[in-house]
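Below are two complexes that have chain A in common, paired first with chain B and then with chain C.
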Partner chain A sequence: MSSALVIKNLHLTIDNPKDAVPILRGINLDLRAGEIHGLVGESGAGKSMLGRVILEILPPRAKITEGSIDYPTRPLPGKTKGRSAARHRPHISLIPQDPMTSLNPVKKIGKQMSEILRLNQTGRARNMLDQAESLLREVKIKNPARVLQQYPHQLSGGMRQRALIAMAFSTKPQIIIADEPTTALDVSVQRQVLCLIQDLQKQHGTTILFITHDLGVVAKICNRVSLMHSGMILEQGNVAEVFCTPTHAYTRSLLAAIPRYDRPLRELTPVAESLQLQLQREARAYDHQRRN
Partner chain B sequence: MSSSYLLNRLLLAVPTLAGAVTITFVLLRVVPGDPIAMMTGPGATEADIALLRAHYGLDHSLLRQFVIYLGQLMTGDLGTSISLRQNVGELIVGRLPVTIELVLFAMLTAVSLALALALKGTFWRGRWPERIVDGFIGIVVAIPDFLWALSLILILGVAIPVMPIFGRMDLTISFDSWTNFYLIESLLRGQLEVTRSVLHHMVLPAVSLALPLMAITARVLKSCLNAEMNREYVTLARTRGFGRLRVIYSQALRNALVPATALSGVQFTFLIGGTVLVERIFGYPGIGNMAIDAVINRDLPLIQGLVLTFAVLFIAVNLLIDLFITFLDPRLRHD
Partner chain C sequence: MTIKEETEVIVATGLSVSLPNMAAKRHFRAAPLTPIFREINLRASAGQCLGIVGESGSGKTTLGRTLVRLLRPTSGTLLFQGRDITSLSEPELRPIRDRMQIIFQEPRAALNPRRRVDDAVSQPLLVYGKVLNSREAREHAADLLHQVGLDPILGRRYPRELSGGQLQRVCIARAISVRPALIVADEIVSGLDMSSQAQVLNLLDELRQQLGLCLVFISHDLSVVRSICDQVIVLLDGRTVESGPVAKIFSQPRRRYTQSLIEAVPLPEPDRDWLKATTDTTHQHNRGKAMNIQGSTALVTGANRGIGRELVNALIKSGVKKIYATARDVSGVQDLAKADPDRVHILALDVTNDTSVEQAAASCSDVDILVNNAGINRMSALLAADSIDNARAEMETNYFGTLRMCRAFAPVLKQNGGGCIVNMLSVLSHVALPLMGSLCASKSAGLRLTEGVRAELDADNTLVMAVMPGAVDTDMSRDFPPPKMPAAEVANAILDGITEGQEEIYPGEMASGLRAGLKANPKGVEKELAAYLPG
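And then the complex of A and B:
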């Protein structure tokens, strides 16, 4: 199977005035075309930062110190230093975490969608609002013509996330980074949004990097999964394999920590502190080794 | 936007104006200073003074005077100026256009420069040119308008005398104005010689007023823009092919303008206050200059009329600002 995105030995640090803090430590990731790849890890593991590296929206002081990102199926201007040309990358888009802050509050949905379409249009039909309407219909918004005329604050969280999903797919991207797209939604809406993402992904054959800390979601929609901790990928593989025969202690401990309604709460074992400390020690040892 | 909202705002203006009228009236009569003493020489007899006092109604009790004043206000009569012996309303209507033109010109200059500075500063966010913009704003904001006026006179009026430093236009030109809006009227009537002279005279006072206003507006707008640039919707726009400049003016600017415009209502007050000094320095015949004369002469009706005018201007501008904000931000529209 061909790869949509290959990351090799990626190192990223954040430069502070005094020192440089390593955030990603030698990430190797191979996104296969058409798969949903789960990226799991606790807060601070570096999973969102990895997504931002791919989207090229790093915070100002973050620097890639080593490694490469390649798109085998798409010839790119490579490491051009030029600004807008290299920056214009509609083949990768983002489904954000928080639908409440991810839409421009002073613009109607229709306006926001047609702006994106206009920027990324490759000729052809010019009626952006009609295109926007059919995109909204695709994400199963009931009254698309009406929603186009509404401002973000007039829509519910679920509706906004649907609109954002429509926007993410509107540029016909090859790769979508979904950064915890259901975390801010309530449970009943979560399921609908997950199904929607899955359906659209099948329809368009998009490759999705699905960032989450919900292993249940990974089990339901992902083909493969990578587990991250302290900026390193600890385990990677098919979802079934990783879940049935985890090789890393951290993976086993995460799987044991999934709450289940058919088991009493005291059987729930959180990730042991000693394991956390050990992982952090390993990360520091890795940094030390690299420096010498 | 509903007309009931507008009506509501206009009704709210009534108590504000009533407050301004009452406070001015009481304050002026509580602080020391006597208009009659100012207008009569040291040789005036007790009888003369008493006669004048009665003529201007100053011999009545404070409450009686206030009632008479309010009664006149209701009919639109602002009284007669003691020092100029003319109707206050006519005096103000004659001079107000001068100040309005000056203030509008200053505001236009300030706002366009502030926009350019804030947008450029945001464009250079986190890189060294941003510090130059910040430094420039910091220096300009620290210098008050009258100091700009004096420095500009020294540099461009005295050292290199290229700009006129006194009056509204060349005394050699005669212009028979109908409205006293010299700039606009001469432009409309095609008398460009007058327009040129009025503009030439307006530059220095307007720039003096504009510079501090520009700096504070640029600073506020830039920090509002910075806050918007860190929001998720801006980051998202970047991933969708919006360039570094485009994302600022097409996404962040309108959002940043909401709080920045709200704050400019306060700045307008400073601008009005600024005209008093700056018009004085440049001998500019607006209501600011007139206000100083009125205070020096203890011209009670004229001071009252002028304060009322300032209050009305202030309320009108703030109403316009509120309407503009509602236009900018749809979230404020639906209550």
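And then the complex of A and C:
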């Protein structure tokens, strides 16, 4: 299977006035074309930072110190109207976590959608709105013409997330980074949104990097999964293998921390303090080794 | 009684809240009131955890805020530690405010970003005068942070320097600082990763046992609720869909809505088909009333033959827990009981007899699906008949029999938390046929009866369904020419209707076609029907 994105031995640090703090430590990731790849970890594991590396929207002080990111199938930058070609990446897009803060509150949905379309093609504004309407229909919004004329606050959380998914798919990207796309939604809406993402992904053959902390979601939607801690990937493999026969202690303890309604009641077991410390120690040892 | 009242920390009876609809305000002088939740009953004691679940927009957050009187109830009563706090004013509430606390979903938004953690934690102590000065307060803060499993050193940090899980513990520390009796926790773990979630849940459970807290836990994640709560209330559109002990709700959800909430929780088991089974029921009318047949208890009248008999079989196949197969003459139902003696219970019941119906309601107190199937057809015209005896007999069984059953069983259903009443009518409820005028009249009366009962039972969360098939292949319509619908198909259509929460169903092509035709051209349909019927 061909690769959509290959990351090799990626190291990233954040420069502080005093020292450089390592955030990502030797990440190897091979996104295969047309797969949904889960990226799981606790908060602070560096999973969002990895997403930002791929999106090329790093914070100013973050610096890639080593490693490479290749897009074997990346198209040549096309002609764009009045924008810098370097900043223009129609082949890759983002489904963000919080649908409320990711939309501009003072612009109507239709306007925000056509802005993205206009970046990628020439045409009349009216055409853009028509396109936006059909995109909204594709994400199963019941009354697209009306939604185009509404402001984000007039929509429910699920509807806002659908609109953002439509925007992410509007440039026909090869890769989508979905950064916790369903964390802000309730379980029934989450299920519908996941279903929608999967349908669109199959239809367009898009590769998705699905960043989440919910192993349940990964089990239902992803083909492969990578588990991160302290900026390192601890375990990687097919979802079925990782969930049924986890090799790393961290994976096992993360799976044990999940409350389950289908099993007899027992006390929840968070990841043990000792394991957390051990992983941090290993990360520091890794840094030390690299310095010498 | 007095002891019970003391341990019961919060009791809400018929609690409702309406808020002004600001979107509609510009059309009116004053903003019209929109009900957010209605007629909620709940009670929770010290050391107990009550879960409130529902999808977004179901009113669970507003309910949580009302329980700690951040909002004033529009109607109903709210008792806190035995005291009526329904309409206390803010100054009157102040002395008891420290005994009720709320923790919010977003800890970053709930903490002042410019205030150090220990100041935030000890602020309530100063406000309620539990300590004299800020130095003493800070010492308390260190203890509290220790109690929630945080290093007291973190007390000198600012919220932005802590992780989400740590911040949520800070919020918990702040809530328990004043030793409250009641804590409302509103979605406090939904923003946390799995490991922090487990830590916070364990902490909450520990504190509940240590301090004898009464905990109201609001969440949309049923797995989390199951791991921490004793009792659960399921909300939809501001109404209680079902409530009960957590084990019962999970092992045997009575409503489809509850089941869909449970099934929507993704378990960490690889399953590519899980998403395929997704159905969007958000816009489905009446989905709070849709029943889960599996595990329910049904009563079917006229179960000895025809549709009633098929319905008993279909209900058994769908996993009903218990079924009362009733008939005037029970000899025709004996074989049903023999086939499945554990589940099928035989009962002699004459719907035309008051005493018989009352006795049935008293002895079948666990019914939640009532099927009024018993009915007769004397094939009698209105004017051409010799007397009005046939018309009277039909009315007595078809109309008064159903009414008697509804009246007797409505309190039973209410006691069981709402349920379902199915009234067996006919598409003849909508048409008048020359040679069966009295039957049509009784069926038509039955339809209006069904609608009236539905209106009266609306608040009880009971589904009231009218079943209106065309000609069915039973003894009753043996003189009818084909096409006739097999009785088993009608039975299956009824079960589908119950699980979908339908209020009117027209099983079969004949009935659905007639229904459509009646809407377009009622007189033409009547003419056609008259030609179809025997005689």
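Keep in mind that, in the parts below, the second predicted complex is superposed on the first by the 275 of 292 C-alpha atoms of A that agree within 3 Å, B and C clash if a C-alpha of one lies under 4 Å from a C-alpha of the other, contacts with A are read in each partner's own complex, and residues count from 1 in each chain.
Note that in this section contacts are C-beta pairs under 8 Å (C-beta built on N, C-alpha and C of every residue); 3 or more make two chains touch, one makes a residue touch a chain.
On a predicted model such as this, the values are computed, not experimentally measured, just so you know.
Once the complexes are laid over each other on chain A, chain B and chain C both fit without any clash.
In the superposed model, A:T206 makes contact with neither chain B nor chain C. Once chain A of one complex is fitted onto chain A of the other, the partner contacts of A:T251 are absent, as it touches neither chain B nor chain C. Of the two partner chains, chain B is the only one that A:V106 touches; chain C does not reach it.
In the superposition on chain A, A:S226 contacts neither chain B nor chain C. In the superposition on chain A, A:E267 makes contact with chain C only, while chain B stays out of contact range. By the document's definition of touching, neither partner reaches A:S114: not chain B, not chain C.
Measuring from the middle, so to speak, at the Cα centre of chain A, the directions to chain B and chain C differ by 90 degrees in steps of 10. If you count the residues of chain A touched by chain B and by chain C, you find the higher number for C.
Chain B and chain C never share a C-alpha pair closer than 6 Å once the two structures are laid over each other.
Across the complex, chain A is touched by residues 125-126, 231-233, 235-244, 250-251, 254-255, 258, 328-331, 334 of chain B.
Those residues of chain A whose C-beta lies close enough to touch chain C in the complex are 41-44, 140, 142, 156-158, 183, 185-192, 194-195, 198, 213-221, 239-240, 243-244, 254-255, 257-262, 265, 267-271.
Across the complex, chain A is touched by residues 55-57, 163-165, 190-199, 201-202, 220-224, 226-227, 250, 260-262, 264-272, 274-276, 278, 280, 282-283 of chain C.
Chain A meets chain B in the complex at residues 55-57, 60, 83-84, 87-90, 92-94, 96, 98, 101-107, 115-116, 119-120, 151, 153-154, 164, 167, 171.
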